[in-house]
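First the structure, in the form of C-alpha cells, and then the observations on it.
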Amino acid sequence: MTLKNLNLTQLKIQITWFVLMTFVTLGLFGTWLAPYDPTHQDLSQSLAPPFWHSGGSPAHLLGTAPLGQDILSGIMVGAQVSLLVSLCAVALSGLVGVVIGLIAGYLGGRVDTVCMRLADIQLSIPFILLAIVMIGAMGPKLSNVIFVIAVTNWVTYAKVVRTETMRLRERDFVKSARVSATPIGLILFKHILPNVINSIIVIATLDIGKVIIFESGLSFLGLSVQPPTPSWGAMLADGRKYISIAYWPSMFPGIAIFVVVLSVNFLGNFLRTQWDPQSKK
Amino acid sequence: MKFSSPNRFAALFLICALSLPNLSFSSPTGKLTVAVPSEPATLDPHKASNRYNYMFNSNMFEGLYVRNDKAELVLALAESVAIASDGLTYTFKLRKGVKFHDGSTMTADDVKFSFERAINPNTKNPLLAYIKTIDRVDIVNTDTVALKLKERDAIFLKKLAFAGWIVPKNYIQSVGEDGFAKKPIGTGPFKFVSRSINEQIEMEANEQHWSSVPKVKSLIIKTVPEDAVRLALLQTGEADIVAEMPPPLVDRINALRGVKTLSHPSGEIYWIVFNIKDGAKDSPLLNPMVRKALNHAIDKQSIITNVLKNQAVQISGALAPSVAAVDKNLQPYAYNPALAKKMLADAGYPNGLKIDMYSSVGRYTLDKDISLVIANQLKAVGVDVNLNLWESSKWVGDLSKKYYPMSYQAFGNTVFDPEGLMIFGLHSKAFWSFYKNDTVDKMIDDSLKITEQKDRDTHFQKIDKMLYDDASHIFLWESKILIGMRDKVNWKPQPGDNVYKFWNASVDK
Amino acid sequence: MTHRWRYLLERLIQAAVCVWGVSVIIFSITHFIGDPVQLLMPAEASQADRLAYQQSLGLDKSAFERYIIFFTHLMHGDLGQSYRFNTPVLELIWDKFPATIELAVAAIIFAIIVGVGSGILCAIRPNTWWDHFFEWFSLSGMAAPTFWVGIMLIMLFSVELRWLPTSGRSGMTSLVLPAITLGWYSTAVISRMTRSTLLETLDTDFIKTSVLKGTPSHIIIFKHCMKFMLPTLLTIISLQFVTLLAGAVITETIFSWPGIGRLLIQSAYGGDYPVVQGITVVCSIIFVVIQFSVDVAQFFLDPRIGQRQ
Amino acid sequence: MKTAMTPLLSVSNLQTHFKTPHGIVQAVNDVSFQLKKGEILGIVGESGSGKSVLAQSLMRVVPETNLCKASGEINFNGIDLMNLTPNQMREIRGASISMVTQNPSTSLNPVFTVQEQLLETLKFHPQDQIKNPRKRMLQLMTEVQLPNPELVAKRYPFQLSGGMKQRIAIAMALMCEPKLLIADEPTTALDVTIQAQLLELIKSIRNTHGTSIIVITHDLGVVAQLCDTVGVIYAGQLVEYNTVEEIFQNPRHPYTKALLDSNPVFGNKQSSLKAMKGQPPQLTKLGAGCSFADRCEQALPLCHHTPTDLIRLGEFYYHRCSVPTLDGVANL
C-alpha cells in the first residue's frame, strides 16, 4: 500500500511537470513548432476530421476548423495566449494584492480599513459585469483582458498577505527591525515578504488555472482575444455551435484547457501540501 | 385571399367566402413551439423595433394593411382605401365587426388613437421614421378615417403594413401604458396569454378572428440563444420549429429523423461598407478604382458554397432579388485576384495598401467567420487588412463615434420595396449610410414621387447601376433564413421580415 | 458583552459603506458602455431623432447630476426605468430574480451536499482510492469551463439519454442540469476546502481530547469538528455566491434560464444602464447581506469573535 | 491465578510500529509493566522516547492510517484491550480509562462551553450510580479546586486561564469515575506554582477515588513527588521499571543513572552536573543491540549488536542491560 501510493503521487507529479513543460514550451515556441500557420484558411478543407476518422488525413492530425484552419497548429500557437494571459494577469493581480496586503497589514488602522472596504466592494461586484463593461469600453484586446482579470483578482492576495503580515508584525525580528529604524519598505520587502512568499506562490499557481478558465468564459461572451489570433478559449467557444456535426474544433482545445488547468491545480495542491505543515496528505 | 380590391362589395363577398370554411373547420387544436435566438424587448408595437417584435406583432396585431402569407400587401382592418389625387390624403373605410381580443369592437376612435400615439414623439416610437409623413388623423364618420400626409409618399401603404399597428384606445387608457405593454391586446389571429422575459411568450388562437382562425390552439415562442441548444430542442421534440440556424448545420438537421429544413430568402443584403462619407479624407477607398479592385478580390461564390452552405444568393448590386426587380444584365464583379492586383497597381498602389476593417461578432449570421475569410482574401491581393472584431453592441455603439473605414454589414428589408434600403442605407443623410453621391441622393429623393411600379423598378435599377459602376460597396449576397422544422408541422415561412407568421401553421397528431 | 455588539454594529456600517461604494463604481463604469441611444434606435432613425431620444432619457445631463438623481432615487427604493423594456427596473428584477435565486440555491445546495460530503469522506479516509478519486474529481471540476460542462451535459442527458429537458424553466427536472453546471466549480472548491479544514481540525488537541473521552466518531465529525469548522466553511460557501452569479450569466445563456444573469448581460450589451445599475446594486446588497449573515452566524457560533484579544 | 493482588492493568510485550516514508518507526518496543489499584506509575523519558505513543497505545488511539504493527497484551481489569472492537474500546475510553493531555490551552474545544464538554462525557458513558450529572460536575469542579464552579461552567475555554483549563480537563477525565487515569505531561505547560498545586490534586484524587494513575513526564521532580513506581523509557523500551525509591536511590540502568546525573536535584551532589552525551537514536534505525549503547559510558562491544538481557528485580520489576551488575540475575 505504502509504496504504491507514493509511486502514484510521484507519477502524478511527473505527468504534471511534463504537461506544464509542454505548455510553456508551446507558449514560447508554438509559433515555430506548429506545422501550419493557424490563421491559414482553406475553404475546401472546411471541418476536415482528425486523421483517424474516415475522410481525415495525416496532413491535419486533429482535423480542421470551419474555415479550414489546422486545429493542431491552432492549439500549439493558442497556448501563447493562455500562457500570456494567465502569467501576466496573475503577476499583475499578485503584485497589486501583495502590496496592498503588506501595507494594510503592516500599517493597520485607517489604511487597513480603507483597503479592506475596497476589497469588500471589489468582491461584491460580479467579475463578469466588470469584464463586460471594461472590455466593452476598451475593446477585446489581449492587454485589456489581462487588465480586467488582474483588477478583479487582487483581493485574494491582499487578504492572505494582510493576515500573515499582521501576524508577522508582532514577531521579534520585525520588531527589532522597527526599533533599529529600518525604513518601512525594507521591513516589508526584506523581512515580511520572504515569509509570505510561499503562500503567495501557492495561490498564484492555483490562480493560473482559474485565469485560463476565466479567459475561456470571456471568449464565450465574445469578450476575449479575437481571431485571427488563435486562443484556446475562443476555439472552444467558437467551435461549440458545430458540436453536433464536428466535435473536433471545440473538443481538442477543450482538452488542452482541461489538461493544463488540471495540471496547474495538481501542482498548486502539491506545493501547498509540501509547504504547509498544517495540511498534510 | 386578396383584399387589395378597393371594391367594397367584392371584399364583402370574399369575407363570406372565407368564413364558410371556417365554420366547417374544427376549432384550433394542438400546440406549436417555436424557438428563436432572441426576443422582443417591450411588447408594445409602437415602442419597439427589432425583428422579434415584428414576429410578435404580425401574429398579435393588424394594421389597416398587412402582408399575407405570400408577402403581398392586402387590406386588413380597412375594407377599402381612397387616395386623393395629390397623394396627400388617404381615406380608409374600416372593416365592420372586427373585435379586439377583449371582445370590444374596433372603431374609428381606435384607429385615430393608434396613429396619433404612433407619431407622438413622447411615445418614442422607433418606427416613427416610417410614418412621420402623417400630419394628422381625422375621423370622417364612425367607420371612415382619413390620414393627411405632409408630403407625398409612394410607398405609404407598404409602410403602414410595417408600422401602422392598430391598438385599442379604451383598453390602453384604462390599464395605462405599462399595463398595455405587459398584457397587450390586438385584433390579430393570436391572443396574448403570458410572457416571461428571456423565457417565452405564450399565445393562444383568437377564435373570434374576422377572417383566419389559426389551426393551432397554442403558440409558444421560446427564447433560446444557443445554436446548439436550439438544435437539441428540435432533436428532442421540445420545439417544433427552430429559427435562424447556422448554415453549416443544414446537412445535420436534414439528417435527423422527423425533421427537415426550410430556407427562405430574407430580403437582407450583405455587403462590405466603405466609409467614404465622413472622416475619409485621405482614404484610398475614395478612389473608385480601388473599390472595384476590392470587389474583384472577393470570391463570393466560394464563401457562399463553403461557409454559408448555399444559404445565400449572390447579388450584383445593392438590390435583393427577393425584394426588387433586379436588372438581369448586371453581372456580379467576377472573382479575379490578378485583375484586382493590376487595378490596385493602376490606382497607384502597386505594393498594396493597409486598411482597418471593423466587424461585429454575433450581430449577423457567421459574421466573424465571414469577416475572417474576406480579410484573408483581400490580403491575397495585397490589401493588408487589420481586422477588428468587436462584440455586436460595442460595434453598433461606436458606429457613430468611430471611423470604420471598412465594415461587414447587412441591410434588411422591412417594407418590401428597395426604398427602405435606399433611404435608410444609401442616402447620405441616413445614419446607416456611409456613402455620399449627390446624384444618387437626388435620385433617391425623386423615387418617393414615382407611384407607378414599373417606373419605380426602372428607376431603382438605374440607381443600382450607378452604385455598381461606382463600386460603392463590395456587394456580397442576399441571405436565406435557415429554419429547422419537425415533419409533423405544416407551415410555410413567408418571405422577408414576415417570416414568422403562424396563421396557417398546423401540427399533425 | 458590549464589545461584541459593537463589533456587529461595525460590520453593519461596513456593509452599508460597501453597498454605497458599489453604487458609485457601477455608476461610473456604466458610462463606458457604448452609447445606449445607438443601440436602442432602429436603423431608420435620423440624427435629430437620436438627439431627441438622448434628451428624453436624461443622458444630456452631467455625470455628477445623474449620479445624484440616481442615488436619491435609490434611497427611495426606485431603481429607475429600463430603456429597453420600458418598465421599472425593480419590477424587472423582481420578475427575474426568483429564477436566479432558485438556480443559485439549487446549485449551492448541490455544491454543499456533494462538496462537503466528499470533503468529509476524503478527510476521514485520507489517501485512499476514494480520496484520490475525489481529488481528481474536484480538481477537474475546477478545470472545465462552465459553458463547456453545460453543453456536454445537454448532449449527454437531454439529447442522447433523453432523461432531462434540454433547457428552459419548467418544473424540477429542468433545474437539474443547470444547477449541476453552475454548482460544479463551487462543488470542487468546497470539497477541497472541507477536506483540508477537516484534516486540520482532526489534528487539533481538542479533537484528540474528544477521542480520548470515548466520543462516538459521528459526534466528533458532525458536532465537535463541524461546530468549530462552520465559520470557516460558511465563509468559503458565502464567497462562492459571487462566483455563482458570474457563472449564472453563462449557465443561464446556455440553458435559456430566464434569470437575472441573462438580463444583466443583455442589458450591459444593449446599453440599458438602469438595469445594469439596478441588478448590480441589488446583487451587491444580496452579497453584502449574505456576508453580514455569515458574520452574524459566526458571531453566534464562535464565542471568541468580537472579543478583545 | 486470581488473587486480591491481581493488578488492574497488566501490559505485556506491547509493540507499536509506524510506517513513514523514512522507514518503520518502532515507537513502542516490547513494553511490559503492571499497575495495581490505587498505584501511581510514572513513565519517564526524553522527548521522542515513545512515552506519548505508549499512552496512546494503551488507549488504542494511535492514528490507524500509518500504524503497521500493534501487538502484545493489555489486560485491563480482566479484559484484553487489544482484542476489543473499536466500539467496545470507545466505550472504555473516557469511562474506565481516561486521559488528561499535555496542553490545556488547546485540549478543550473552543466553541463549546465548559459544561457542555464536561457533561458530554457522561452522555456517551451513562453511569448508573450518577443520578444527577450536573451535580456531579459541580462537585468535581469543586474537588479540582475551581473557584465559582457555577459561573465557570458557563464559560468558554478562552475565557479561562491555563491552570483552570487543566483542572477542567482533569474534572472531565474524572466524570465517569474511571479506574485508570493517564496523565500525559499534565503540568509541563503550566507555571511552576500551579504545577505543584496540580500534582497535589492528582495525589488527592488517588487518595479519595482510589484511581490508578499513569503519569507520563520528562520531569524527574514530578516522578519523585508523585509516583509509587517508575518506568524509564528509552527508544521505545522500558529500560528500567522499579519502585520510586529504588529508581532514585539505586538506579540500575546506565541510562537511568545518566538521567539522574544530568538533573541538578537528583544527581550526584558531589560531582558537577553531567550532561548526557549524544542524541537519542532515531527510532527508524534501531539495530539488534542495545539502543543506548552509543551513548553509554559502560558499554561493552557486545552491547552494540546483541539484544539486551532482561534482568528481573523481584516479581514485577526489571531492567534491561547486558552489562553485568552486582545484584539481580540474568534471566536468559
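Letters are used for the chains, namely A, B, C and D, taken in the order the chains are written, and counting of residues starts over at 1 for each.
In the analysis below, a residue touches a chain if its C-beta (ideal position, glycine included) is under 8 Å from a C-beta of that chain, and two chains touch if they have at least 3 such contacts.
As the structure is a prediction and not an experimental result, all values here were calculated from the model.
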Problem - Nearest-to-centre chain - CA centroid comparison - result: C
Problem - Between A-C and A-B, the pair joined by more C-beta contacts - result: A-C
Problem - Furthest chain, CA centroid comparison against subunit B - result: D
Completion exercise
Cα centroid separation, subunit A vs subunit B, in Å, comes to 45
Completion exercise
Expressed in whole Å, how far the mean CA point of subunit A lies from that of subunit D is 53
Exercise for the section: Averaged over CA atoms, how far is the centre of subunit A from the centre of subunit C? Could you give it in whole Å? Expected result: 22
Fill in the blank from the handout: For the pair subunit B and subunit C, the C-alpha centroid-to-centroid distance in angstrom is 40
Completion exercise
Multi-chain touching residues of subunit B, meaning two or more other chains, are 226, 228, 232, 391-394
Completion exercise
Going by residue number, subunit A touches two or more other chains at 136-137, 221, 240, 243
Completion exercise
Multi-chain touching residues of subunit C, meaning two or more other chains, are 33-34, 126-127, 151, 155, 269
Completion exercise
Per the touch rule, the subunit C residues reaching subunit B in their complex are 33-36, 38-47, 49-50, 52-53, 56, 84-88, 92, 95-96, 99, 151, 154-155, 158-159, 162, 165-169, 252-256, 258-259, 262-263, 266, 269-271
Fill in the blank from the handout: Counting only contacts in the complex, subunit A reaches subunit C at residues 5, 8, 117-118, 120-121, 123-130, 132-134, 136-138, 209-210, 213, 216-217, 220-221, 233, 236-237, 240, 243, 250, 254, 257-259, 261-262, 265-266, 269, 278-281
Completion exercise
The answer for subunit B against subunit A in the complex is residues 226-228, 231-232, 246, 248-249, 251-252, 302-303, 306-307, 361-362, 368-369, 372-373, 375-376, 387-394
Exercise for the section: Going by the contact rule at the top, pick out the subunit A residues touching subunit B in the complex. Expected result: 39, 41, 43-44, 46-47, 66-67, 135-137, 139-140, 221-223, 226-228, 238, 240-245
Practice task
State the interface residues of subunit C toward subunit D in the complex, per the touch definition above.
Solution key: 126-127, 204-216, 219, 224, 227-228, 301-304, 307
